[in-house]
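Comments concern the structure below.
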Amino acid sequence: MTATLTRREALAAGFGTVLLPATLSAQPAQRPAEFRIGVTTFLSGPASVFGVPSRRACEMLIEQINAAGGLAGVPVRAIFVDEGPGTDHLVGEIRRLVQAEGVHAVFQSISSGSCLACTPLSRELNKVMLLWDCGTQRIFEENRYDYAFRTQGYATPEVLAPLLYLLRKKPDIRTLAVVNQDYAWGRDSWEIWKTAMDALKPGVRVVAEMFPRFGSTDFSTEITRLLALRPDVVYSTSWGGELVTFIRQATERRLHERTTFVLPVAEASLQILGRNMPEGHIIGARGDHWNNHPAPANPELFRSFVSAYRQRFNEYPIYPCHHMAQAVWALKAAVEKAVATKSGGWPSDAELAAAFRGLTFPTPTSTITLREDGQGLEDQIVGMSHIDPNFGFAVPREMMRYSAAQVSAPVGQKSVDWLKTLTPAMVQQAGTAL
Amino acid sequence: MAEWFQDNGLLLGLALLDGLSSAGLIFLVAVGLNLVFGVLRIINVAHGSLYAIGAYTAASIGLFLSTRGLPQWAALPVLLLSAALVGAVLGPLIERFILRRIYAGEEVVQLLVTFALFMILEDVQKLLWGVQPIHHDAALKLLGTIDVPFGSDFIPFTNYQLFVLPGFAIVTLIGLAWFLRRTLTGRVIVAVTTDREAATAMGIDAAKVFLLTFTFGAMLAALGGALSSPTAALVPGIGAQTIVLSFAVVATAGLGQIEGAALTSLMMGLGRSIAVYFEPELEVVVPYIIMVLVLLVRPQGLFGVIETRRV
Amino acid sequence: MSEALLRASGLHLAFGGVRAADGIDLDVMRGEFLAIIGPNGAGKTTFINMTTGYLKPHAGEIAYEGRRITGLSPRAIVRLGIARSFQLPQLFLEHTVEQNVALAVASREGIWSPLVPLLRPGYREEARDILDRFGLSAIADTRADALNEGARKLADIAMAVALKPRLLLMDEPTSGVAASEKMAIVETLVTVLRDAKVTAVFVEHDMDVVERFADRVAVWSQGRIAALGPPAEVLADPAVQREVIGIERHAATPEAPHA
Amino acid sequence: MRKLEFLLALALAGAMIAAAIAAPWLRFVLTIALAKGIAVMGILLLLRAGQVSFGHALYIAFGAYTVAFLAPRLNDAVLLLVVAAGGAALLGLVIGLFVTRYRQIFFGMLNLAMCMVFYSLLEKLYHITKGSDGIRVEIMPVAGQALDRIAYEWTIFGIALALAFALGALLRLYLVSPMGEALKGIKTRETRLEFMGVPARGVLLAAYVVSAGVGGIGGALIAMTSRHVTPLLSYWTASGELVFIAILGGAGGVLGPFLGAAAYELIRVYAAASFADAWQMILGTALLLVILFAPGGLWGMAARAIGGRSR
């Protein structure tokens, strides 16, 4: 597949160079009356458990930004589009956003499939696209984009960090089973895990690979099988309703007493699980934005974001809210940087895009740098689940932070190739305890 | 072969237990769909929405009452009452104001009306209950678990899934069979199922039978949802997933056949759980494979009667 | 009228306990008009169903032009030149009368053309011509589901005739036709069939029609042929009069299907 | 009437072109609408025989994935359209040989089953199909001409429009031909066909193959337009959508599918733009209103408005 894609890619790049000079360069940019952002997110279907909270966070932040004078003095408005109806619909919607609504930037999407389909449009439409939540490593490893940036981490660090944590905490695991949702993220995250595990700790036996249908509501059979197999570790990157169902059904039957769960995407489900989440299992947040972060870089900002969200929606923000916020903050930083570069003039699309490359913007917990290929470097924090009475649900303890540069594949390398080069020594070297 | 059984016999036993509980749930939903189809000759796509709404209603009533300090034992009755409530409210509403207007229409139009309803109800459900997973498992917790011996080991099963779900399915099956064969109303329903024209010619009030059957079918869908709610988190989209499996059950079972629905559900439940143990990748397609195989041998469905064409 | 066009021998068929055919032996002679009479449930329609391949006898066989046709599909039998009309007219309800007949013409000539209209010149004229002969021209453009019973019946037979069969089996062609029109209609029908040299078997309840138009009459009773011969002879038989005609003249309910 | 229908088709095409010039993003939406309209003509054909396929998204997905898989090797839109149509027709023949033995619900549900099996395969065979991520389709030459993006999009739009006209005209001929009229005969009196020496199953099979072929063309056009294919193209709700469009547009004439598809896509786009979380409800309500108050669909309304009969 690499061969064909590169050829197609080369072709597409060829078209790109033909097109680019004609359309983008010479446009004199006027300061707009409002800065419009097109936001694609799930408002229907199972993934709306991520989409709706992220939309709320987006609206809240935009209100705050507008109250504080807008983006470099320009008020912001977001136009939301549902990812639910499928890719063909979404591709059309992105065009509508750019061509009919005249948005100045697009925030897309939750689903990796949506991102893969829509990101190439950034090239055709010459519009800045911030990939605000999707995790697929294929985006920047298989393509180069001038207008697309991912303002958070991605699959490789999000899977590798929990694996390193597991191997540090439980060095002598021998067997493992996987229960992932049957779709690209479930498969990809398993491939990354398996490749890395074979490199970091060769010889761990995989006793069951189960990929139940996406959207399953009953895992009893899978759980029975796991109970019978008694693997040392059960790995699952499931999320949303499925993770909640899986954990509740599993704990009801005391599977958590027989095995250790590793749940890299658990954070978004912990609030709903409440006290039903068993303690002492490995949980991740697709980033470093845990609500109980012991030492956020900007405690003031962190507290104000979390408490504003809580006040308004009566729940803690989950990671998609933080990811959305990161996209908003990145946009703010880039617009301000671009305006400053033009010493007060308004940047064109190309100039705005240029401002993102290499941008380092602050988040409440840390900073994120958009590296040369457009990929954001976001630290990962992993820990052991522990019910904190202050929250009333599980949060991590014994946390370890993995700096993004340590656990991301270097620019220009494919994750799977890079993971194969890892050595067992990395387990002790990587990560710092918090 | 014998060796294979020696190695895997115990696992097969576990698969059987898992299959039973999932078959029970499949049956409860599919039998309502099949009953409605038998009488009204409408494949009700919105049946899945009724399932979802039943589940959501049961969970929210349960959650509401548990904050009011309802005694533990009431969890189960609450499930049943919620289902009855949903069926009794939505069933007649849908039948009277929408379906009744299109009985004379073509089959495809009737199907589409329920498809439109399905789309509307999907959004209604989202507006009412939001998108975050809702979970209420008091009934599951109440009944606890039982340890099933497995070689030198043991496997905990929840009593709810091992006994309550299949139990309800069996009670429903027997109750329905009794109702349809032994009561006057039941026989009228059967008469309409077998020959609508003859039944109406004999003076049976079809409108009343339709209303009754649809309401009953809606209750069964909601019951399926309510009974599934303690074991699963409720999210948008559960209706669509459920209904498509029920379609397969109905076509495989034969029109309006409740015993057919029971046998088919059992086959599909067991087929899927056995697949999880031995070839997990096949699990999703097992129901369709069963359906195609059955229809190859019996084009009218497992228990279906060949409709005679008059010449 | 010397040679048998259709020869049924030893036909047996039972539905549950009811013997619909209990040893039927019958020769239909080339060119004759054979009437079948008998009480309801005697197995008259069953005979037509067996001959046209809709039902398969449990025992016995039917030969057409010396060739065994039992076990063939209705489709194959039609292609050999045996057509039938139905007790309950089987029309394409969403088509006009003309289209119904044209479809029959097309079925004979070849249905497998996807791009030339059904009502192309050749088919249309032939359909019109047949409708003319049946006196149905006035309703040629009426949809079949809007016809009265008599017109349906005639259109049904017209479709069978359009197949240009050599043997035509008609199941109660005059039931449902108003009494005042009946004779005239049968008259036209017979003329059409004689012109086309079609051999005809028809189930009939009206003894006047039988007497006037049939060359021979077969009396069905409980799955057997109770009497067979020229109408004058058979209808004069007191036993036939008592058992069949007596009942016939009072019973008006149509026969149940397959019985 | 025939003339009016042609004029109306021209007017519709004119309106589409005008809209596509006025708003570039509408060009995309309308190309998809045309592609779906072409596929829905196949649904229309089967509806003539009174059969509802609840699984024709299978052929759309097949056509789309044909383009996605073969584009790197057969890098030409015209060639790919031909291959997609031929491949889908061939698949239609194989599946049709099986499903045309069945009628009504069995026909509908078996198609649904095939469609869902295909969907599961697209998801399960991750290493070939990239699972739910789907496969991206790059801009490709058309009839040997390498085009830039704008020219390419216009060309595909033009091809879709031309195919819509050509296939629409052919379908019109088909519907009034002996094969087409016999198809309609299956709906009202299938047995009579057999007694006229016509193999009803063969007549239906021919129509099924044609419907699969146009489904493949529609799918190929969708892949060339959205330039990304995912298994969702084959989910059962996508099949429902096709039937939805057929009824919305009206099953009366070949313009129906295009009226329906254009209306469907536009309602969906505008509903999604104004009420991002309730667009399903709006679409469902629109469909319900059309069914209840305008039984002939949009084409029926149009035909009444210009004073003709919707034949």
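A, B, C and D are the chain letters, set down in written order, and residue numbers restart from 1 in every chain.
Heads up, the rule we're going with is that a contact is a pair of C-beta atoms (placed from the backbone, for glycine too) under 8 Å apart; a residue touches a chain by one contact, two chains touch by 3 or more.
Chain-to-protein mapping (UniProt): A = Branched-chain amino acid transport system substrate-binding protein; B, D = Branched-chain amino acid transport system permease protein; C = Branched-chain amino acid transport system ATP-binding protein.
No experiment lies behind these values; they were computed from the predicted model shown.
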Shortest chain-hopping distance from subunit A out to subunit B: 1
Chain whose mean Cα position lies farthest from subunit D: C
Central chain (by mean CA position): D
Pair sharing more residue contacts (C-beta pairs) when C-D is set against A-D: A-D
Rounded Å distance between subunit C and subunit D, as computed from the means of their C-alpha atoms: 44
Separation of subunit A from subunit D, taking each centre as the mean of its C-alpha atoms, in whole Å: 36
Centre-of-Cα separation between subunit C and subunit B, whole angstrom: 49
Mean-CA-position distance for subunit D and subunit B (Å): 32
Junction residues of subunit A, two or more chains touched: 44, 48, 52, 182, 211
Multi-chain contact sites of subunit D, meaning residues that touch two or more partners: 123-124, 191, 277, 279-280
Contacts with two or more other chains, residues of subunit C listed in rising order: 54, 90
In the complex with subunit A, residue positions of subunit D that touch it: 23-26, 28-29, 32, 71-72, 123-124, 126, 130-134, 136, 138-139, 148-149, 222, 225-230, 232-233, 238, 268-269, 272-273, 276-277, 279-280
Complex contacts: residues of subunit D adjacent to subunit B: 47, 50, 52, 54, 98, 101-102, 104-106, 108-110, 112-114, 116-117, 120-121, 123-124, 190-191, 236-237, 240, 243-244, 246-247, 251, 277-281, 283-285, 287-288, 291-292, 295
Residues on subunit B engaged by subunit D in the complex (per definition of touch): 37, 43, 45, 98, 101-102, 105-109, 111-113, 115-120, 122-124, 126-127, 240, 244, 247-248, 250-251, 255, 281, 284-285, 288-289, 291-292, 295-296, 299-301, 309, 311
Interfacial residue positions of subunit C with respect to subunit D in the complex: 52, 54, 73-75, 78-79, 83-84, 90-95, 99, 102-104, 106-108, 110-119, 123, 159, 163
Residues on subunit A engaged by subunit B in the complex (per definition of touch): 44-46, 48-49, 51-53, 182, 208-213, 215-218, 220-222, 224-225, 227-228, 230, 240-242, 244-245, 248-249, 252-254, 269, 272, 276, 315
